[in-house]
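Multiple structures are listed underneath, in structure tokens.
In the two assemblies presented below, chain A is common to both, partnered first by chain B and then by chain C.
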Partner chain A sequence: MSNFLNLLAAGVTAGAIYGVFAACIAIWFRVSNVLNLAIGDFAMLGVLGVAELSQVDHWNLAVSILVDLVGVGLLAWLFDWLVLHFALDRGQADHGIVTVFFYTFALSLGIEGVTLAVLGTDVRSAPAFWNGPALEVADFHVQRAGLLVIGLAIVVGILLWTYLRTTVSGRAASACGESVIGSRIVGIDAARYRRWLFVATAVLAALFGIVESPMNGFTYSSGPTISLLGVVAAGFAAFRRPGRAVVIGLALGIAEALIGGYVSTSYNDVILYAALFALIVFQPRVLGLSTVPT
Partner chain B sequence: MVDGNAIVEASEVSVRYGKFLAVERASLSLRRGECVALIGPNGHGKSSFVNALCGLVARRGEVRLDGALVAARDPKSALRAGLVLVPERRHLFPALSVRDNVLLGGYAKNRRVRADRAFADVAEVMEVFPELAPHLDRPAGALSGGQQQMVALARAMAARPRIVVLDEPCLGLAEAVSRRVYEWLTMMSRQELTILLVEENPVQALEVADRAVEMYKGVLDDPEVVAAVQQAEVSAS
Partner chain C sequence: MPLLTGGLVAVVGAVVLAAAGGSYLGSTIAIGLGYAVTTVGMVVQLGYSKQLAFSQSVFMGVGAYGTGILETRYGLTSGEAVLATIGLGLVGSLVIGGIVTRAPGLALALATLLLPLFLYPLATFSSYLGSFTGIEGIAPLWNDASYATMLVRSGIVIAIVLGLATAAALRVMRSGVGLQLMAMSEDERLAAGLGASLRQRRLEVFVFGSVLATVGGALVASSQGLVTPDILAEPAEITLLIMVFVAGRKSVVAAIGGAVVIEYLTTSSAFISTNLTTFEAIALVLVLLLEPDGVAGLVGRGGRALRGRLANRGAAGAVAASDAAGSPDAAVAP
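Right, the complex of A and B next:
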């Protein structure tokens, strides 16, 4: 029983991480109709940046985090201004799923390449915010970083829910992805919503990476796996429902932990790819794969 | 020439899509409380003209509302001045509820308040559309075409417009629903709302309009130009 509870706790922690990345993907897709395949790379950039500044350059941790998050936000803002703005706001063409896919995929590859060149291949993590051994209640062990991750996920979930459900601005953000022309007619600046939510989700991903990195180290190539998990979880939520994406992310994390514990950790990837397969088979429309040639 | 009682003054408005000139130097003024029908065949620039008035497409020429210039390609500028468009094919937010669609009509004024307060602010609009009351929490995309048109009208009224531009409001609707739209138009024109009604069908449009102007080949109601264009067509054929 205690083994099960410990695996469950590990699964909830991992699931909270997947859930938040999935929510970031879902909320931005809701506004822009574009998948953010670079979300994991923003997390990686957050972790490696803080590790470099605080451990190699010996900056104060708070300053390192602040500078790092501002840098990630600035990068996201620049990408929107230099690429997405020209691609989405000025062109009149109806962008197909493949074209849209490559905007952020290219960003992901770019971040990975530059990070590899500048910071190398070492596994790194940001310093822990809450040092000490795992907390124990009877036979139940929870890592302190895991508790921080779960707490942060709950706070983010509540804030997102409040924003989308109770504010006019949240409704307007949803409206942008529903109809660009409709949103312009009522005076909503869809490009502005897209830009600021892209920046906000990039910063949030970096923050989550920093908080969870003491449990799992990051390398320059950690981003795509995180992004893929987020995309799978968000895909089951039709890419537009952050709340459901969090639940699916949690389920993926728990399934991964239980199978890793009772079967083998080698099967963790099987979970991911089985979920992706199920998504393609049962939810092909949200991936733009259901069009039948006529 | 400036009409002292004009609320909308569009002068020499041209719209071009690449090499194609959709609207050529069209001028139109609307007096306060007037209902004007903009008629003409499909594909002759009516929608392009009203989209240019409302700042949705790039244009040449000037649009003034009560003397103040409305910026080109800036729908917010037109909205601030009280000019609201009910577009062809409605362009609602299909996955959002009817309530959300209507409250977003008042987005320009209420964007910083809570959603429930924003809806309360525009709730009186719903009194004009009692048929929508049972559907407030349903997604707009799940409603019939006629109900969706009512949502589009309610969304426009939530912006508290001074001028409403309706682009083919009865396109694709059943006869009974078209009647309902025209009842609403009649009621609004009695309330001194300024209306520009784009219609392909002049007979229907003139039921409510005070006057009609015709757009033909992107040219607005200059009888000599229209006749010249038609003559050129006859000669060519």
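Right, the complex of A and C next:
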């Protein structure tokens, strides 16, 4: 029983991380109809930035985090202003599959390339907020960083749900993704919502990266895998339902941990993602994707 | 015309490789031409038909691992192994394509994005596939006592295969099937209304792109002499996408150039290889914003502008001459 609970705790921690990244992707897709393939790179940038400022340059941790998050937010804002604005608002570029994938894919490549050149290939993590050995609850153990991740995920989840469901601004943001022209007719500035949600999800991803990094080190190339896992979880939520994306992310994390514990530690990812692949190709309806951007 | 272009590609490739004379540059170009076989298929699949499939690196892995296993474990010659691998790729893509192309749009993209997530760890943990180090000792396509001759002749074989792939891709794009694919890429309902069998065409495009990727993987593995799990990882697919999108996703010739140039840049100097990702990102953003058809589109636009200017100048000259001939002063003009 204790083994099961330990695996469950590990799975919930990993799942909370997947779920938050998936929710970030789903929220922004809902507004912009674009997949944020750079979300993992924002997390990586958060971790490596804080590690550099606090451990190499010996800045105060709180100041390091603040400067790092502002930097990540600024980068997201600049990318939207310099690239997405021209591509999506002024119609100066191609649309369809190119828009859905390739602008943020280019951003991901750029962040990765610059980080490699500036910070190198070392594995790093931000300093732990809550030092000490794993906490013992009854017969199972929970890492302190894991608890922080779960707690932060719950808080952020509630805040996002409240924003999207109960505020006029949240509903307006959702309307942008349903119909850009329709939302403009009723006076919603779709570009503004897209920009600020892009910035907010980038900062959120960076914050989650910083909190969870004591458990998993980051390198310059950690971003794409995180983004891909987020896209997979968001995909099972039709890319538009942040709440469902969190649940799917949690389920993925728990399934991964349980398969790793009871079936095979080496082949847990193989079994899990092969099963998801089979599910998509044999039952594509589970994704709930009714329309295809062309 | 497709045969002529394919022949030209093969001849140019062979001449360049012969001129490189078995040097390191020649080896890099040969590997680049191997990648180009895959990117030619991607032009038809992603660029022309807009099929949202990101499985090309996986099929390159099928080709590379297939060749490696058949040669090193079952004693086949490199030619036999490559041919058997093409058959494997064909059957594999028919089976996988028959299933995955049922998934619509983003579902197909998601399904194919999942492939590296379980095939890469599978290759790294499987001792049959050589674990982390992969499979070494894959023979070149043309064996010879002299290393330089072997490299040149193997490269020429790759150039010929690339020429055939180019001809096949252009033939598909300029046929009635190509027109149906173009219609499908714009509006699937319209294409269905015009009588196109959507499911069949989707499967055909998937198989075409996947088989060429399998061939490309087999050629690259033969050129490098080894295959590692890296060929199945996400960065491999990212490199392929850059090769196609920056060079020009609708131009077969541009995709060949993109594959060779990026393969060359990857190994050209420490500065370029370290910063290549950044340069690729900048190039990709500029291409997406300014010229969605990539460098090929830019060259085409420049060529059209130049032709237009020359035509205008010629017309202006003719008008001036005609005016001069018709005017009263023309008779007394010196």
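We adopt the following convention: the second predicted complex is superposed on the first by the 267 of 294 C-alpha atoms of A that agree within 3 Å, B and C clash if a C-alpha of one lies under 4 Å from a C-alpha of the other, contacts with A are read in each partner's own complex, and residues count from 1 in each chain.
Heads up, the rule we're going with is that contacts are C-beta pairs under 8 Å (C-beta built on N, C-alpha and C of every residue); 3 or more make two chains touch, one makes a residue touch a chain.
A quick note: this is a predicted structure, and the numbers were derived from the prediction, not measured.
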- Message: Contact-wise, after the overlay, does A:A62 reach chain B, chain C, both or neither (first, second, both, neither)?
- Response: neither
- Query: Which partner does A:F282 contact after superposing on A: first (chain B), second (chain C), both, neither?
  - Reply: second
- Query: Once the shared chain is lined up, is A:V137 touching chain B (first), chain C (second), both, or neither of them?
  - Reply: neither
- Could you say whether A:T166 touches chain B, chain C, both of them, or neither, answering first, second, both or neither? first
- Query: Does chain B (first) or chain C (second) touch A:R240, or do both, or does neither?
  - Reply: first
- Task: Of the two partners chain B and chain C, indicate the one touching more residues belonging to chain A.
- Result: C
- Mind sorting out which residues of chain A both chain B and chain C touch, each in its own complex? none
- Interface residues, chain C side, partner chain A - complex: 46, 50, 52, 99-100, 102-107, 109-111, 113-115, 117-118, 121-122, 125, 185-188, 234-235, 238, 241-242, 245, 274-282, 284-285, 288-290, 292
- Note on the structure: The residues of chain A that touch chain C in their complex are 83, 86-87, 92-94, 96-98, 100-103, 105-110, 112-114, 116-117, 221, 224-225, 228-229, 231-232, 235, 239, 266-267, 269-274, 276-277, 280-282, 284, 287, 289, 291-294
- Query: In the complex of these two chains, what residues of chain B are touching chain A?
  - Reply: 54, 56, 75-76, 79, 84-85, 87, 90-96, 100, 103-105, 107-108, 110-116, 118, 155, 159
- Message: List the residues on chain A that touch chain B in their complex, please.
- Response: 165-172, 174-175, 178-179, 181-189, 240
